[in-house]
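Note that the chains are named A, B and C in the order they appear, and that numbering of residues resets to 1 at the start of each chain.
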């Protein structure tokens, strides 16, 4: 078990209401869990808590347990947590350090911070770039990359710390369709090849339909649905909970409502061409 | 402030014309490479394309934020050259993508009032404009709240409301559904439908192919500063256009792809798909 | 001094690039020349009498001296700026003990400028699109301060929060000295020259304070 949240309640510093009001969640190594919900349901808070940034860096009150790779987030320093659970946010620009002349140096930022010997830094950087298939970007100026490329460099710089878990808060939200595809594919590789436990918040349920093993629905700080991705994304109540079902689910429903039968062969086509 | 265009002579004039517009940024990037576009009054136009294709540059020419290096931009038949942005914004309202890069007021109502107030509205006229705009985006009860007490979704709607309050005949929305949850996205569709019902011309930039296919009567695809496809959603997302879309890393909505696989002709929306399938029997 | 600068500039291959920058000081130099030549107080050795104007040799000499000083100063600054990469300077300073936080602050400030001005540009556009007049009369433009500065400040603060989290997520606060990516070659000769220059400066300073150096005739 790599990422565990047990009875988690969290309140931001200075806030009266809890942003998370009793969350239980487990993500195993190599599995991808998608998180969906309306915009104020607490998804971003969940990411900060899972990665240990809350309460560690931003303060606030946490009740319950959050354990990443065997370590409780309230018992470890931020740099120790950074090596167990990485986090990626929406905006590529604010995550790049802004001090690196090349993408290679940017990815080296983390390992350098840990004062690792130079040859290990090199190994980790090259490994992270290769894992995402972006070794070709190594010499580019991070400030000049497209949104999708910048997100991948930011992801690589997190992977260079070799975390066992990865939390992503709407990583494709600011990206164009190409960038979205790049990041979606990269996440698939990370889960399969690096065996990380991944928690990803997304509005684009089509991506989760392809990528996630489990999906969790958050509403008012609580988990209201949890289960295998295909099942949860097909839930009849999804729209009521503020979540847009993936296009394939919508099409099936529209056909059912119109009383149009879908031949079996067509079913396979629908599943085959996309989520 | 302008009223919605009357029918008759006004309606026959195109709302917006770009005539061989070329624009190069100081950095040397040629963002618009000879763009010709005519949008008739009351039309709905979705603009799609990769980042860097010129979409944002194009819409900024429509209210004078950017001026063409060569070529002309006409709004309701008049050249925008020599006119201040503040003046053109009586006819062209542009709502930007990031609400937090414009919200500055302490109360929602003051934020919405900013625009019309700049254009000279006062008293009852101003209050009416504010109330109408808040109603159009579904933020009626929030007038006295602090904008930052609204979540991100509703702040995005607030940004749109602050432009609707200008009551411009032409409304442009930059990525209105990006980052929105289901409720917000649904509300955006309703807003567009409402504007169309009032006879206004609506343009939007979007990465959401399904939103574009379902909401707009015309779609324009941009790439490297040029318009490479221009037509109805059925035309732009038809199988014949896929190679062109693919060259811009764009994928048609699932309904279109599914319909093509079943040889149903062009079905850019779920509704079209259902119709085509029931017609087949 | 100028000769030293010219030689090092040539050695670094930047002589051609430095010329236009040095020429930026020409307006200043021209005014120094004119003011000193024509208006040097107490000078009594005129070059020529042209009506009310009386340029003097003393003035001219003083002018040339001042001109050379300005040129020397300007040239040496130009050579420094054109031959030093800020990144390298910071990296070397860090290697010599400047902490990671100081290095980061200095380094990121350099790059923050384009981002902040980009954001400011977007805010300005959004407000102009709502009728804020930035092209008209000045008193109307003053009204734009809050709508322009407000979101910029809020945005900068939000940015700081996000960047802080991103830094922590990359172990920025880990203890110890950061791994050095590359060391800059520093030969004995370079070190010798550096120390010689510093000592020479100190010696000249001491000599001039002690009154051993005379002004030029």
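Note that contacts are C-beta pairs under 8 Å (C-beta built on N, C-alpha and C of every residue); 3 or more make two chains touch, one makes a residue touch a chain.
As the structure is a prediction and not an experimental result, all values here were calculated from the model.
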Looking at the contacts, which chains touch subunit A and subunit C alike?
-> B
Compared with subunit A, which chain's mean CA position is the farthest off?
-> C
Comparison of B-C and A-B by number of C-beta pairs in contact, larger one | A-B
Calculate how many whole Å lie between the centre of subunit B and the centre of subunit C, each centre taken as the average of the chain's C-alpha atoms.
-> 46
Where subunit A and subunit B are represented by their mean Cα positions, the distance between them in whole Å = 30
Multi-partner residues of subunit A (at least 2 other chains) = none
Junction residues of subunit C, two or more chains touched | none
In the complex, go through subunit A and note every residue touching subunit B.
-> 37-40, 90, 146-147, 170, 173-181, 203, 206, 239, 242-244, 247-248, 250-251, 254-255, 258-260, 262, 266, 269-270, 273-275
Subunit B to subunit A touching residues, read off their complex | 50-52, 151-153, 178-185, 207, 209-210, 249-251, 253-255, 257-258, 261-262, 270-271, 273-274, 277-278
The answer for subunit A against subunit C in the complex is residues 48, 51, 53, 56-58, 77-79, 82-83, 86-87, 89, 91, 93-95, 97-99, 101, 105, 108-118, 121, 143, 154, 157-158, 161
Given the complex, residues on subunit C that touch subunit B span 119, 122-123, 125-136, 146-147, 150-151, 154-155, 158
Flag every residue of subunit C that touches subunit A in the complex, lowest number first.
-> 87, 100, 103-104, 107-108, 111-112, 114-115, 159, 161-181
